[in-house]
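Okay, so chain A shows up in both of these, paired with chain B first and chain C after.
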Partner chain A sequence: MRKILNMILRRVKEAESNRPRVPEPAVGRDKAQGPPYLTRDLDNNLKIIFDIAGRNPDLIVRHMEINLPGEARRCALLFLDEMVDSELMGSMIIEPVLKELPQVIKSRRAYTSLVDVIEKNVLTIPGVRQFASVSEIIGEVLRGNSALLLDKENKALICANRAYEVRSVEEPTLETVVRGPKEGFTESLSTNMALLRRKIAGPNLRFDQLWIGKYSQTRVAVTYIYGIADRGLVEEVKKRVSRISIDGVLDSGYIEQLIEDAPYSLFPTVGNTEKPDVVAARLLEGKVAVLVDGSPVALTVPRLFYETIQTPEDYYSRPYNSSVLRIIRLFFFISTVVLPGFYVAVVNYHPELIPRRLIITMAGDREGVPLPLVLEVVVFGIIFEGLREAGVRMPRAVGSAITIVGALLIGQATVDAGLVTSSTVIVTAFVGIAGFITPGLTDIFIIIRFFLVFLSGVLGISGLIMGILVLYAHMCSLRSFGVPYMAPIAPLNFSQLKDVYIRAPLWHLTTRPSFIAKENRRRMKEGLKPEPPEKGNNSSRK
Partner chain B sequence: MTGIKIIPVVLIGLALLFLSGCWSNLELENRAFVSALGIDKSGDKLRVTAQLLVPSLLGGGQNRAMGTDPNKKNPVFIVETEARTLSEAVDLLSKESGRRLFFPFLQIIVVGEDLARYSILPVTEWVQRDRELRLKTLLGVAVGEAGEVIKAPGAGLERVPGYFLGSSTETANNFCSRVVEGNFLKFIKDLSSRSRDPVALRLATAEVSDQKQARISGSAVFDGYRLAGWLNDRETRGYLWITGDIQRGIISATLPHGESIAFEIRGSDTEIKTGFVDGEPVVDINIVMKSAVNEVHNPVVSLASPRDLDRLEPLVERQVAGEVHAALEKARRLNTDIFGFGEIIHRQHPAEWRRIAGYWDEIFPLLPVQVQVKATIRRTGQIGSPVRPGKPE
Partner chain C sequence: MFEGSKISSRQAVFLITTVIVPTSILFLPHMIYVAAKRDAWLSVLAITLFGLGVGDIIGRLGRRFPGQTVVQYSRRLLGPVLGGAVGLVYAGFFIYINAFVVREFSEMLVTNYYKETPQVVFVLGIVFVAVYIVWYGLEVLTRVNDMVLPLVLIMLGVLLITSVPIAEPENLLPVLDNGVGPVLQGAVPAAVFFDETVIMLVLISNLTRPAEARVAIAKAVLLVGLIQLLVVVTVVTVLGTLTENQLYPTLHLARHLRVGPYLANVDPLILLIWILGGFLKVTIFHYCATICAAQLLGLSGYGLVSVVNGAILSILAVVLWEDAIELSYQISRIIPPFFLAVQAGIPVLLLAVAFFKRQGVTAGDRN
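Here is the complex of A and B:
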């Protein structure tokens, strides 16, 4: 499989390399373009900048004149339309510069640099920095800050008054919870970082910022907790992320696909979530998160298989129900993958395994159904996936119509017309619903399902078991950032199973998973089990 | 370079999967489910009568909705074939039914009286050797022709006649204790035992609600492969008392003044001891049972104190002993050791058994058997003594 894919990829690459090269367009960061630093001439500076950034209608220059003693100093404010807070700009930049500055200059006889005076004595906006590099100034302006350029000065002041339309913090659509925090990440990296800061206020939360994307210049933050996350892991994540050289990063999915360990595997080895509390929990386990500007989905690594059957709610509610639910999730995960194959194998090869009353009903249903059972399962599975896809893509307004048509017509009418057996409909429906219980793997189920149905149709139960063995062996061979994918089940680490199939009581989970956090493993004081006051060694009464 | 090699290998692998065919893959609609099978002797050939299910008359979903009243039409299809061997006859059945026969859901094999009296070897041989047959399948002997039993359309509360026989046997085993276990596993185990003779179900047809229906009544006693005779319901229960296979059931007895009283069996334990008196074997049967009063036909009987209940115990004991003696009597007359007394002597006195084993056929009809029944009555149902009329008569 991998070899074939590789071969196709190589062919494509060869074909591409034969194509004549198109000269790459000029880019702001290119060192060859123009002088690297500002000159002391405002017009010249503006020309340099416009040469690089282009004369775009959204790049606005506000020309001003400052009445200094003996001269009217020209200056220019450079900013992007609709990317800045213009009210803030008026009251905290333009007004001070035009009104305060002449008085300040008047009041003091001598000053070394006008730029210094403006930064330190005049501007009332919080974030101000001096820049001399043209490329950096352009970068800041394009990111939504304003640049104040003065004539006869070779430095510009960058004022942080960035403000643009952001989606507010909402409940994520995919990972919904009944109990626990309901906020989700937004498309703004700054908001997301703030959301994380609110969960982990200690000084050890670190964001290592990187810029990825030749054209998109996307901000990417490698997030970890200093002192918990393994240094090697953090370095590896940063190495893999900074290796990326791409024209644009539009979503964290780009990063995910370029840093994962097993790009050919069906199984994802990079986790993702839209919930700050989930990221915080994983960071506290010693994992590393990657936040990407413009994407509400954070990546977390390493990602292990058992995360599939975990939900944040497992930890927020008491352990009994969580443990039962985890086992149910595992059962549904296995059934959604195996059941169609098992159904085909049993009905076509081993009908004696089915209870007598059921098999008679099923045999009665099969009379007059045109397709062989394997095709019936495959065709109906495809129809179900198609309906599901239509449900995701279609406009909200027609949603209920499609649901009714899908459920009633496809389900009921086909059975009534004798095109499909009702047991196949039940199996397909069950499998479809069961697949939603583990949202992390939903997108790979269809392939595995059909693989197993195909094997079962050809070899019966033995084929099914062969298929499962191949899958399981493959899962055991995977690694995610150095951690075995099936840990702690394979390799088996018995003491770590307390948080896999079941969720042990919180006071029992005193250490971080040993396969993720290598050094700093203690997460909780030993012996926090609540006990009656007279028995406890130092109760609250003391 | 590797890619050139890989593609043919993958293609060959795929071709292998498709071209090798699908071994033993058979769609459900190409199978014929056999619910009951009758085997008769017809000259020197065997005649097989098969009761096949018609799934379209039984299935759920669209078939039920199509308007055929399921009770009007018989949901089974009867086929008959004749051949020298059983497997050949079964082979021919596929031709007659147009589908491959499927046996795992077969409930009962009925053997005709003629064949049973001759030998049922072909049946046990085929059942044991064939891969699809289950030893849990019941074995019955028809009074007369097995074909008649298979063809009888009545099915009780079930829809398939064969399945009625299966559920009837199972229910009678558990709640009424008047029917032997009757499956091939038990039959073959007893058959291969050194002294024990096997027992099968006895089947007859009767008119039940305007339909001919097969029903189980009593049991068939075998002497090796040959049918030796029958046990009726009472004797069958006696047989079950001795083998310790009694589950639940009702015993009717007579009160001192001639009225009837019913007891429910609530568990029993049978212990068989053997010994030798003057070199001759003797057998002691000890039955300990618990029971409850279920119905009293005399209003003056008092059930108020445990002593009252103690006084009723001999009534049960006498009734049970009578059933046991009836079974013993019949077995002696047929000279078949269906209870396995020989086996017990062999186990308890191996040395003496070696001496008498050769004469067991002569010893068994005259074997002295002592029957002791100890019954305890603990419960009287929801009320104690029967309600007496308050008005003086």
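Here is the complex of A and C:
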């Protein structure tokens, strides 16, 4: 038996080893390939490059000849169509090389390397570097830079004249504010890094660059403020990000799903935002951000639950406004999760909670309604979610039609026809609207809601309590990059609550959250509470 | 330390309070009133003192053996056979008392609110929540408690404050009409509740600073005593002699809660938060029972033990008692001596043995 098995295994292995291997692409930073270096023969070099990168129509070679004393040296400029600034290329690369280089060489008696001379004396373009490794050269060219290869030289010059179409900095669509900066990230990582630099100009803002994605070669920047962010946290983020081995990263969402702590949990443990000022604020708290090229959404970790009820405006407007709004947000957050279950429990099991006159109306409503209450709430909840999804996906032009159908037919007519009770419609509508208050969590609410509705339908309020306890225990068990998810609510830390349920005055928030920034905690001088000048001064000024 | 979770002394105070308060405010007023009548509040003072004493013994015991639970150090003190027996007693005790609590709560729910739902559904629900939370460990349990206990206390505060207008202080007079005897008699069943600090025999091993255990227990007992005193005084002043006929006088109080003409019949809401506390109490006991059993069996993990324990717990809770009357009779008449022996007697014995054998860390050693 074992012999047969071994034989089969050997066969399989042999077949495996005999199969022709598809050559792996050797582009970019994939050092494992052991990059061949340039030779001193231009044609050979071009052949090596085209063998790896393929003869693509957008990879353009511009052949030139430089008139050196005694010889006409061939050279080639390699670049991608529509990825480079051709005007810049003409005036700062081609023109100097063809016109000035012969004169420079003439005026000099001796030189060691032609490449050095071109880099130091001829090219007027700002960014120039020398490369010898073929894979690195290809990587740079594919990223939009142009490569200058010379005959009889084994080094190439990479000129940074990358220029491609990017979206300009606009106001983000998801996170809108009334007061505060309105700019949002774009798809270009360089732009995003510049946006952050403009917020935090000090030398401690650090970007640690990584390349993720075997084929996409996406630039990822792990961003933090040196001296504030916990060093262990930065290392952990870098470790988790560089662990990723994937074919392509098309959005920061890929990274998010591959570094999060609780992939099975309903609750996100990685934060995201489209606004540079939010990222800057979180960096100043000691968090770490991950920017991904091609994605206008930055990730921030650790993400804690209380961020759900925070908005950037909380810090820009005065403490009273922010505190009141936070409490309202928390209230709506709780009600969007709990209210349907509570409604079912009360109507089914504890009608004594409802005022007497109202209950008569409600009982009359329920007469003749086909579905039992639990199903009614669930079905109507699903219809609401469907309408919402349709509202997001549909073309703008038919928007008003959907609104009329949704509001008039589904809302009003179903009640009139006696298909649902009006109180269910009210509860569903309220809960649906309340769900929009915490944008990142809107989609998961429906699952939690129905879980609680089911328990309430079976066991009344005590079932609701069981569900809430199970849910809350789960939330308490989560961690985001080592920080308890519910901190500082659980484990309870009284001194940190000043920035959770309410937002204390700015001059009172003198330290960073202790569970995030562990070493460098002071963020503001004590006693900055603004006070009017002494009375005497005041009157004299009048 | 068995499970690796660490809790602060403040969290320990919260845990003890959660263990005692939800059931004691529900059952104690009636139990004490039956014996002590209008001097019930004096009984509360008496048991608070008693609870302080027992808590101190438990604290001293835990301080001597930092990082160890009662199952571990009783073996060290009394040898494998006798020590193992003590461990078995505690594992059994925690399961039994938990069955009691589970049944009490499901009984109260069924008789008052869900008359048509089979009791076993509630028993299974409560036990499921307990097993679920224990599966996450003590750290999560304490974090959940950090939210639940404040809610329970706020709810209680609302209940007490709204009862003030209808209270009749004359109900408390005359003081000590029947002498000290009834007062002490009333304190006996109540002592069982106040000695639930016995959970610390297991939980001290998880304290970040075991030396603070005694203070933490004392704080918790005082807090619980204060709450209990307020509840008993309110119940007696509001309900008067009616207290004797009510199995759950505090619930009766909640039914009468009225804020102006608008807010009435809110007792399910009050109940709601109450159940929260009750669930956590069951969870804490379940945690202790599970840890004791796992250590007794010499296991390195406790996940499976927790599930098995939960199954035993559910069966016991359903099978052991016929109805609420029997439950109430047992807890006030039959159980107290046995429970007191486990909650106070064995710790005193263990401490004495440790003292004479000079075992464990003593105050002198630490300095």
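Everything that follows uses one rule, which is that the second predicted complex is superposed on the first by the 499 of 542 C-alpha atoms of A that agree within 3 Å, B and C clash if a C-alpha of one lies under 4 Å from a C-alpha of the other, contacts with A are read in each partner's own complex, and residues count from 1 in each chain.
As a convention for this text, contacts are C-beta pairs under 8 Å (C-beta built on N, C-alpha and C of every residue); 3 or more make two chains touch, one makes a residue touch a chain.
Keep in mind that this is a model prediction, so the values were computed, not measured.
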- prompt: Looking at the overlay, what does A:492 touch: chain B (first), chain C (second), both, or neither?
  reply: second
Message: Output check: A:349 vs chain B and chain C. Expected answer is one of first, second, both, neither. What do you get?
response: both
First (chain B), second (chain C), both or neither touched by A:465: second
- prompt: Looking at the overlay, does A:473 come into contact with chain B only (first), chain C only (second), both, or neither?
  reply: second
Query: Of the partners chain B and chain C, which touch A:418 in the superposed model: first, second, both, neither?
result: first
Message: A:405 in the overlay: touching chain B, chain C, both, or neither? Say first, second, both or neither.
response: neither
Message: Just to be sure I read the superposition right, which of the two partners does A:125 touch: chain B = first, chain C = second, or both, or neither?
response: neither
First, second, both or neither for A:390, with chain B first and chain C second: neither
Field: Shared chain A contacts, counted only where both chain B and chain C touch the same residue
entry: 349, 352, 458-460
Statement: chain A partner, complex, touching residues on chain B are 2-3, 6-7, 10, 17-18, 20, 22-29, 31, 33, 53, 55-63, 65, 102, 104-105, 132, 163
Chain A partner contacts - residues on chain C that touch it in the complex: 8, 10-11, 109, 113-114, 117, 121-122, 125-126, 128-129, 132-133, 136, 140-144, 146-148, 265-266, 268-269, 271-272, 275-276, 279-280
Task: Going by the contact rule at the top, pick out the chain A residues touching chain C in the complex.
output: 346, 349-350, 352-353, 458-466, 468-470, 472-474, 476-477, 484, 486, 489-492
Chain A residues within the chain B interface of the complex: 3-4, 6-7, 347-349, 351-352, 356, 359-369, 372-373, 415-418, 421-422, 457-460
